[in-house]
Amino acid sequence: MIIQLKQDIPSGQKETLIEKVNGLGYTVTEVKTQVGAYLIGIGKKAFDIRKIGALDGIQDIHIVSDEYKLVSKKWKVKPTSIDLGDGIAIKDGDMAIITGPCSIESEEQIVKVIEHMKENNLSMMRGGVFKPRSSPYAFRGLGMEGLKLWHRLAKEAGIKIVTEVMQVSQIEQMYDYVDVFQVGARNTQNFNLLDELGKVDKAVLIKRGISGTIEELLQSAEYVFSGGNEKLILCERGIRTYEKASRNTLDLNAVPILKSKSHLPVVVDPSHGIGIREFVPQMALAGVMAGADGIIYESHENPDKAYSDGQQTLNFAQSSLLADQIRKIFAMRKTFDLL
Amino acid sequence: MIIQLKQDIPSGQKETLIEKVNGLGYTVTEVKTQVGAYLIGIGKKAFDIRKIGALDGIQDIHIVSDEYKLVSKKWKVKPTSIDLGDGIAIKDGDMAIITGPCSIESEEQIVKVIEHMKENNLSMMRGGVFKPRSSPYAFRGLGMEGLKLWHRLAKEAGIKIVTEVMQVSQIEQMYDYVDVFQVGARNTQNFNLLDELGKVDKAVLIKRGISGTIEELLQSAEYVFSGGNEKLILCERGIRTYEKASRNTLDLNAVPILKSKSHLPVVVDPSHGIGIREFVPQMALAGVMAGADGIIYESHENPDKAYSDGQQTLNFAQSSLLADQIRKIFAMRKTFDLL
Amino acid sequence: MIIQLKQDIPSGQKETLIEKVNGLGYTVTEVKTQVGAYLIGIGKKAFDIRKIGALDGIQDIHIVSDEYKLVSKKWKVKPTSIDLGDGIAIKDGDMAIITGPCSIESEEQIVKVIEHMKENNLSMMRGGVFKPRSSPYAFRGLGMEGLKLWHRLAKEAGIKIVTEVMQVSQIEQMYDYVDVFQVGARNTQNFNLLDELGKVDKAVLIKRGISGTIEELLQSAEYVFSGGNEKLILCERGIRTYEKASRNTLDLNAVPILKSKSHLPVVVDPSHGIGIREFVPQMALAGVMAGADGIIYESHENPDKAYSDGQQTLNFAQSSLLADQIRKIFAMRKTFDLL
Amino acid sequence: MIIQLKQDIPSGQKETLIEKVNGLGYTVTEVKTQVGAYLIGIGKKAFDIRKIGALDGIQDIHIVSDEYKLVSKKWKVKPTSIDLGDGIAIKDGDMAIITGPCSIESEEQIVKVIEHMKENNLSMMRGGVFKPRSSPYAFRGLGMEGLKLWHRLAKEAGIKIVTEVMQVSQIEQMYDYVDVFQVGARNTQNFNLLDELGKVDKAVLIKRGISGTIEELLQSAEYVFSGGNEKLILCERGIRTYEKASRNTLDLNAVPILKSKSHLPVVVDPSHGIGIREFVPQMALAGVMAGADGIIYESHENPDKAYSDGQQTLNFAQSSLLADQIRKIFAMRKTFDLL
């Protein structure tokens, strides 16, 4: 059960409400986000909704029986728009294109990517400064110095920054330099990290776990939302299966399913989803037709010299072509009558 | 190694060639298909290709080190076109749309589907008369009577028949009534069935196994080809993974990978691929953008009353809309510069 | 619903019963096996069991709501014993040891294996004469000639033959030379083959599908049973997962789960289950402790020279040691109070 | 390459060595643990090992080409023993039995478990005070208060504590109250947590990821080892597959494979591995025969009233029986000649 509270709820009334709901055999979690206040009641007993619904201070009340609640479409049918400022947003009905290198490497590299983006009218840049690596001996990113440098250059260019945060202690130091915190596939169920991102007033893009279910992705988003942060984006990036001809198995089924279950925007990462450069464009375009609200892919001036993920990274010519195709195909999709 | 023989190879020369190749430490399999004759040499020793290449009767010789050979793009770069007669074909550069019910149920049902198809200018109809069912107590199809009835009606309407063959003994009886033999996902590695289909001059559509790899699908195609039948179509229909929010996980990565490895056309089955009616159109269109040469989906006048698979079957209004969208999106794809 | 019929059911009474059950809204399948006669009613309506139970000719009636029925433990609590003659059986409470090469290769090879078996008091021999191979160019077995040779030698030695049947047309020709027909992992859902094996009075060992569920394995067994053959053995042989450090992932969880759901004996194949010779013994012993009624593993005089599967095949010294350890560990298991 | 340094390496000599190794085109990571000092060289060029091996200060030098190095058996053949004090250890050649509830719930609960353990001569207790839960609304454990209470009671009883640490900031506060830090399956690739656990002089038990490979588990252990902590235990606890008849698929193949690749002890968790109470004993015993050095399973006075995981938790009678059976079967295993 989700109880949406009114902005002007009378003092003491919230406590009365919690008591009433407890009295029904439900435990209550209070949630206060950037845009609303909610009481989440967890329990199984049936009850007459009118007993609560008529009380003062309540804007609306919804029965949501899924494990995830606040991220569900069952109470909030209107899609959530993630506004990054300066007219830049990730939202249903629009097509966000996010690109950039796997790792931030140098000032020169950043400058080249930004030039490429400006030429193609792209305004959201991805890149890693803290890199999760399965081997402890691999390159782990430029860290905060890299992020500050990148931020200075991106800000001048009017470009938004999407980058991975790996642990709680990084949130505060990164905060001023980031537009979208990315939670990587290995951290989708790092619940402490999700809890802390709930306390932040910044957008969070959550990647599906390496072998995470659609349900688990929604529950991870529920962590952040119930922590207080509604600015969430879901990302399909491929799952681990027995098939080894591709790096991951891009599960585009997840796109319409997530869109039907949640009001949050959904983006697709074809670079990790297939892991083979020459096929990234097809999979990006397939993602658009599956219903994605955005595409996030890797690009680099010289992919073969990239510090990481070069095999799945587009060069700028390929990236320009793809951005144009994404826009064309999306324009056609908008004319279709799809769910 | 694939040795393409000349049509007019002198008598006795083939035997001489086989001896030579054996002499290199290679075992030889002779293959004679509708359009060519080949010697397949299997071995590992390196040798000077000129020693054989210059001999009489040889048109060309190719080193193909993959497990599959005749279906590989390495020796035959030009895509294979599967011609069904009357100007109907499944081929690269075109978009085949195959639709129809899961099961053939009755004359009335067939007539309705055919009407729907004619209205939408569709000419390839799918349907099952022999149904593989995991429970022995479930409906197993109308069998040969159903097929004969269907054939009569389809022929009058100029519509081609795509239907599953489940065992060797059915091939002969079905032969006169079928345009494309379908090998189902549970039979992808039924090697005896593949062997026998190699002896038939009819197109064969092979579905990827329930948890088959891309490599195994190509090897299954190799069985039919090396048995003598080049008229092959590959079909991605979703694989089994841990994710249970969809019936299968449609692996669209397989489309560009198959197209890059093989000269055979590739079609996508979004109905089994996601298993949820309302999302079949998105996944069909995603399949087109991933590079498919055709889409095969289930349709029925009244899906909720279908004998099987109703939950993933489109009604005729949805099917008409989808066929139109597939054509539009494919027309746009053709203007793109994709692999 | 399973209705067990009496042996001496009055003439015409079966037809009356079927009519009654149809009248309840249930479809009826008649099953007649080596040891009993049954009516299987499939339907969903609730009804008063006494309405049928009291009728003449009925021995017992059971409500079984699973998809599989005749193989379920819900109606037949007593474990089924598969008697191969000469005091050799595969059954609960006993430990069957089945060994032999992947492929039958030559008279000398067979003789050596039989000698090894006699020395170790082993009486069930496995081996392939028809080999399913993913590549059409690989060795496909010695066929009927190999089987006849093997049968002559095994019979003299009092050894039973377990071998794979790949297609319907082989059943009749193999019948006289086989003690247990094996259905391979690629044929677990070859429903025509299962149907035909239902008509045979010979034991059938069904391997779990390459990525088959436990439920599907039971349904495949239901095919054979409902076709008329109760002599069934289930086999766990590893499933396909993302993990590639082993050939398959041996799912020993399946052993207690199968034993709790079905009255059929369960054997474990550690050779295919891990695919690495040096670890086959540990996995065989683990299978015993998981509750298996038998172990089937590959052995060969000289595994490194075996035509196939050498990497997972034990030599005779290893096999002797393992057989002894299986017996010891099983003797200890019998003293334990396990389900 | 692993260079083991001498304890008495002359001052300045390490720097000289690093320079030399860099000169070979290798990057160098310095590792200093509780028991040794190492230089890890990462690179691909071949070189003459004698050029370095003869230098002062080097105890030994090993070429290890796997992605993991310090946890590999290739340089350290002797198994690592994890000594917890008071004669309690987890090590090859011995059988550690770790048991206790999923969650620490109350003083009474702890007392009951400890009594049960003392009666059965068990000395390592598991339990969660910080619980990773996929839903933000579920019970998250008693936290530090629960741990302190538990520690007081366990210490009096001479029992060692194994408990999960979920984030970096908990390490320091938990340090004094924990004998073995457990890294849960959702944190196996939480690299920051692994890094920090590398700085701690306490044993760390790393569970295999929800769908982690064997290779990834070893790389995660490499993180901790290369951070400075050699006291590592690996744990197989089941992986995620398509099979839903069990909670996870216990991959016992991993046991002999891990033991052959690494010098670290390996324990098996049958409770999470199958997730069904009545089958936990069989899977525990199977784990012993697969070669495990220990078993970790859940027990509770009244499993049906446990806060979490009750369905897979043994009651005390079952636990006593199992501990006895584990010891008997392990005693027999020691008489066998297994790898």
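Lettered A, B, C and D in written order, each chain numbered from 1.
Throughout what follows, a residue touches a chain if its C-beta (ideal position, glycine included) is under 8 Å from a C-beta of that chain, and two chains touch if they have at least 3 such contacts.
Because the structure is predicted, anything quoted here is derived from the model rather than measured.
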Given subunit A and subunit C, the chains that contact each of them: B, D
Chain pair showing more contacts of the two, C-D and B-C: C-D
Distance from the mean Cα position of subunit D to that of subunit B, given in whole angstrom: 49
Mean-CA-position distance for subunit D and subunit C (Å): 38
Chain centre separation (subunit B, subunit C; CA means) in Å: 33
Two or more partner chains touched - positions in subunit C: 211, 240-242, 244
Subunit A residues touching subunit B - in the complex, by the definition given at the top: 211, 213-215, 239, 241-246, 249-257, 260, 273-274, 276, 278-279, 281-283, 285-291, 321, 325, 328-329, 332-333, 336-339
Residues of subunit B touching subunit D in the complex: 211, 240-242, 244
Residues on subunit C engaged by subunit B in the complex (per definition of touch): 27, 29, 40, 42, 67-68, 132-137, 166-169, 186-187, 189-195, 209-211, 216, 219-220, 222-223, 226-227, 240
